[in-house]
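What follows is a pair of complexes built around chain A, which joins chain B in one and chain C in the other.
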Partner chain A sequence: MKSREEEYREIFMVEALEYYDAMSRHISELEKNPADAAALNELFRLMHNLKANARAMGYPAISEVAHRMETIFGLIRDKERTFEGNVVPVLFTGVDTIGEMIRAVGAGNELPSADTLLANLDRLVNGEEPILEDQPEADDDDANRKLELSDLVYIQIKKLDHLMNLVGELIIDRDRILTLSKESDSPALQATAAHLFRISDELQYSIMDVRLVNVGSLFNKFPRVVRDVAAAEKKDIALEVDGQDIQIDRNILQIITDSLLHLVRNAIGHGIEAPAVREQAGKPAQGQLTLAAQTERDNVLIQVSDDGAGINVDSVRRKAVERGLVSAEAAQQLDDDAVRAFLFEPGFSMAKEITDISGRGVGLDVVKLAIDSLGGQLRVSSTLGKGTTFTLVLPTSIAVKGALLFELDARSYAIPLMHTDSVVSLQPEDLHVVGGLLLAEVQDENVPVVDLRRLLHNGDGPLPPANRHELQGRQDIIIVNYNNRKLGLIIDRFLRQQSIVIKPMSKPLDTIDLFGGVTLLGSGQVCLVLDVPALTRLFLAKRP
Partner chain B sequence: MKNRILIVDDSFYMRTMLKNMLTDAGYEVVGEAANGQQALEMAAATRPDLITLDVILPDNTGLDVLKGIREDQPDVKVVMCSAVGQEVIVNEALESGATAYIVKPFSEEKVLEIVGSALQTSGSSEA
Partner chain C sequence: MADTDNATNEKKTTKQEPLIQLIVFRLGDEDYGIRIEQVKEVTLTPEIARMPKTPDFVKGIANLRGDIITIIDLEERFQLRSAGTEMPAVSYTMAIEGKEYTIGIVVREVPQPLSIPASIIEKAPEFIQDINIHDKYIEGIAKVNGRIIVVLDMLKLLTPAEIMQLPAKS
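Take a look at the complex of A and B:
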């Protein structure tokens, strides 16, 4: 853990070097155009900030130089001095000296003396001629000066994507080599393979780390959005933002931008009530909207919460029946979570009137699709009259996912851990048949169970009614979870849990949405990655 | 309920220091703005109890921001942050409705004292 003093020092250094770079740039602009007001203002401001920061940080020498430079740039700005003649080299020396001093601080060296410079700057302030050192010597210094480059580089995300893909390939080959080495009896090969494993692991995590950005870089755009939307909707809303420091892959943040925008607009448009309505309900007139991020195990949770009217489960239930998504009888038996899940069905809108802000463009189904494409989860919880919270469960990084490997008909398959709830082994007598459907009681909840082999190979028609007596012996079942719906899949055998690199399916197989992609196992075997959302939809379509 | 504070300063270093001081003292820092535009947006969106406002900002001067905020929120307390040599601007700010001012570099004690007493000044609309 860094001490606060160290943290301040680091921030001071980074910012001071930025200031120095900007000062060098602006003073060169000023040399080309001495009347450049924008450059003058910036120089004044940068000197001002450096002065204050250096003084607070305990570097009075830097502060002294910056203070005088600020004064002179202020005088030039106010047309009391002009940027010409002997003023120019003195101010250039001033900027150079500031650079030297900052670098000396960074290197832990003693700061260079600035007495000559300070005397000349005082002369300029007092309207006197500066005393310049021998011109040729100064030129020599300039000519020999080393060019300093910033410690920071900007990288196009495209290049990082490419690196990430290469690492993905590398990991697959690495796993293959590791398996081969174990089969061989060469200790040297085994040791090298083990080393390759560690190094490539570190490489993979380093590249993942480089791609991480603060969630705050997206959150910070929201105060403006909230203000504009609230004004258009005539709502009074306070926005609270929390967890800006949480880090996530830059591309994931990019993909969820529109979703987050939609959820926030929805919360203001439909969630939070008009001030008068709120007051009638005994709530403060000002609505509260919270954007929060936190980490949970390997995932990042982003929550959009409002203290608005909440979701009326009964109206959603009615609407779902009206739209034929579920029969009236079945609807009555669904619990609240299952009913709220209808909100994510394509084209399902609860908006009574379409407002400019929230009634157009993407619906919750599109939000859901975006989150699904990342292998994430979208959840909603709500209390009528109290408010609604949407939770986005996102992977920290896109390339590598934790997965559960299992076997079915002697083939290996993988299911992303993000969608696995639990694994259970049950005897046939632990399963019940209700309405042609197998049900298992898992953690006090009745979960429908289906033989995965049947689900995948049954053709287009509905599944035949389940029969418990067909099951022989202990059944290995993976409970998957999608959109608050749990589903048990009977498989042949659990293999293991493993990090996998998912490669998208190539054409023409990419249209089979049951499989999210493929991965290569260390054995060289191709392993299909099951797409839980598609599998759940398939089950709902084919259930008896 | 914690008093909610918005920090406006173009230096990340200053913002970090102020934020730590205020958070440690039990205030809630609701936002940090680095320029005048952001300051106006965040002030409108977060409706803070108090704003610490740097007098020199990249796009507007602190004075313009002060006037902008005052039009919208007459009751928010505004503490101007200045450095030595800006007495003229500070005086003008006080005439334009700033509640108080602090001179940089500031000590933690001084910041808390001035922020604390600014929050106590009358004219607050809060019940």
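Take a look at the complex of A and C:
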């Protein structure tokens, strides 16, 4: 994994070499037509940018040359000098020297001395004649000059998306070939298939790797955001950023950009109190906001933490009852995590009054949807008076997801592992009927259980009340978890755990949100991927 | 092929009249035609995965060379099949390329190409509505050697609204 400095240095190199190429081009144009104002302006601008970049990166020698060159191009632009006579070779030497210096930085060599050049540039600025040395070797240098291309390429993300899709298809076909080869009796075919497996695996990971960017490329935009929002809200905020080196798929970072912005604005606007209020509460006047990234197994966790007022669980509970999301009795039974989960309910936060619940809310459901669309999770933890932490659990890469495959009515289905809590097999007597719902005790927790077949194929009406006598023999149950709600799904048979490439549901069936997409199994069979958030919503809407 | 010969003869008699090519298939007891440019390919019906929460005539989704397409049964959609009869075990699927997506239509027999002069397609009469077909999908009716072919405009039939909202009406 590259360090940030290394990454910055590479970017500097790419830009500097581009500047150098453009300078060479423009100065040649200027030589042909000394009155070319556009070329002159470009040269002035390029020198100025290179000066700033080189200074920021700690290359004063390059910055110094660029600075004097900029001065002279400025004088030429202001008609105080003309691009003719001895000025021309000095400036060409200047551009060449810049090129050599940049290449030396790239190769990690010592920078060539530019003293003669700097002296000549000074003479030009002061209106003196430059001292041109006869350098026959220099001509040799020119003739033998190597043309160099940058070591880095810019690629449009859509080209990478295309590659990613292609490799996804390849993986599917590969799995098919592997299955077919195992059925055949040809050892040669099996060996080739095994090789194909390894190669395409590596290809897939390489392409995923190419798409990874540092979380820092997003985090680094936040100091400014925090400063502006804090100023507008009249708050004093210190921002701490951590884990910029963590890598994640560029498109995932793109999708969470708005969510992160939202959470940061919320934290400053509503989470962290005004300085006077903080001092009264015995906290330092300056609020602390932390953006942190870390990896956890295959996931990336991004946390937005503040040391503000925290979320008042009782207010949220009251609000949820007022809005009819839960009955007053049931609300008393819910633990704090379950209550805070209401904050992510669509529309819950739309009400203006919510601001008295430390104002969490405006559009948290939108944040939740964005994270859901990635197959991620949004969690919140909070201590009243101490602060709030939002955690975004994100996949590292969009394309490949771990999934649990199971069978229902002789068809294969998949559930992303991200949303599966556990799998259990229970006898009918382990299940209890409460209020028309089946309940199972799993890890000391009562979890509602529903027959997935019923849930999927029951038409539009509510589910019929559960009846334990319909259950015959051992029941295989997948416990899924969404928004702190657990739900058990009775299925026919567990199959296996597998990495799958999810294809989005094609039109016109993409309006059916129960399925996050489809995947093709090694046999070529189409396998529907269940969307746990939508399934949970369907269950809540249909429960008897 | 006989159909092609017919078409060539007609072409001569009608002097350079523009020909259109149809893919003709059977639904219930009638012949239907789709302009060939709307048909991407014809294949043996692949294995179909049933999609819950869709109208009955949407058979499900299938893998067609790596593309996941929706498969629909027009006999069921138009109620052209007497109750109880099912599609045969071996059927064919025409992949129809719409504006935004491809859809598969299952048919019992292998669809056949047929060239006809554009002018013999007559506008559909009003009474067609009586047999449960919304007339806007019907581009017209062609009479070829005594056969009647209902020419469908698939692009109008395959809009997402048509496919997904129809069950609400029934």
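To be clear about the criterion, the second predicted complex is superposed on the first by the 391 of 544 C-alpha atoms of A that agree within 3 Å, B and C clash if a C-alpha of one lies under 4 Å from a C-alpha of the other, contacts with A are read in each partner's own complex, and residues count from 1 in each chain.
We take it that a contact is a pair of C-beta atoms (placed from the backbone, for glycine too) under 8 Å apart; a residue touches a chain by one contact, two chains touch by 3 or more.
Note that this is a predicted model, so its numbers are computed, not measured.
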When the two structures are overlaid on chain A, which partner does A:49 contact: first (chain B), second (chain C), both, or neither?
first
Residue contacts with chain A in the superposition, chain B compared against chain C:
B
Between chain B (first) and chain C (second), which does A:286 come into contact with in this model arrangement: first, second, both, or neither?
first
Have a look at where A:121 lands relative to chain B and chain C in the superposition and call it first, second, both or neither.
neither
First, second, both or neither for A:224, with chain B first and chain C second:
first
Figure out whether A:440 sits in contact with chain B (first) or chain C (second), or with both, or with neither.
neither
Which partner does A:264 contact after superposing on A: first (chain B), second (chain C), both, neither?
neither
If we overlay the two complexes on their shared chain A, which of chain B and chain C does A:90 touch? Say first, second, both or neither.
neither
What residues on chain A touch chain C, complex-wise?
169, 172-173, 411, 456-457, 503, 505-509, 511-512, 514-515, 518, 520, 524-528
Mind listing the chain C positions that touch chain A in their complex?
47-54, 58, 61-63, 66-70, 100-103, 158-160, 163-164
Residues on chain A engaged by chain B in the complex (per definition of touch):
4, 7-8, 11-12, 14-15, 42, 44-45, 48-49, 51-53, 55-57, 67, 70-71, 223-224, 226-227, 237-241, 286
List of chain B residues in touch with chain A within their complex:
10-14, 16-17, 20, 30-31, 41-42, 44-47, 56-58, 83, 85, 104-106
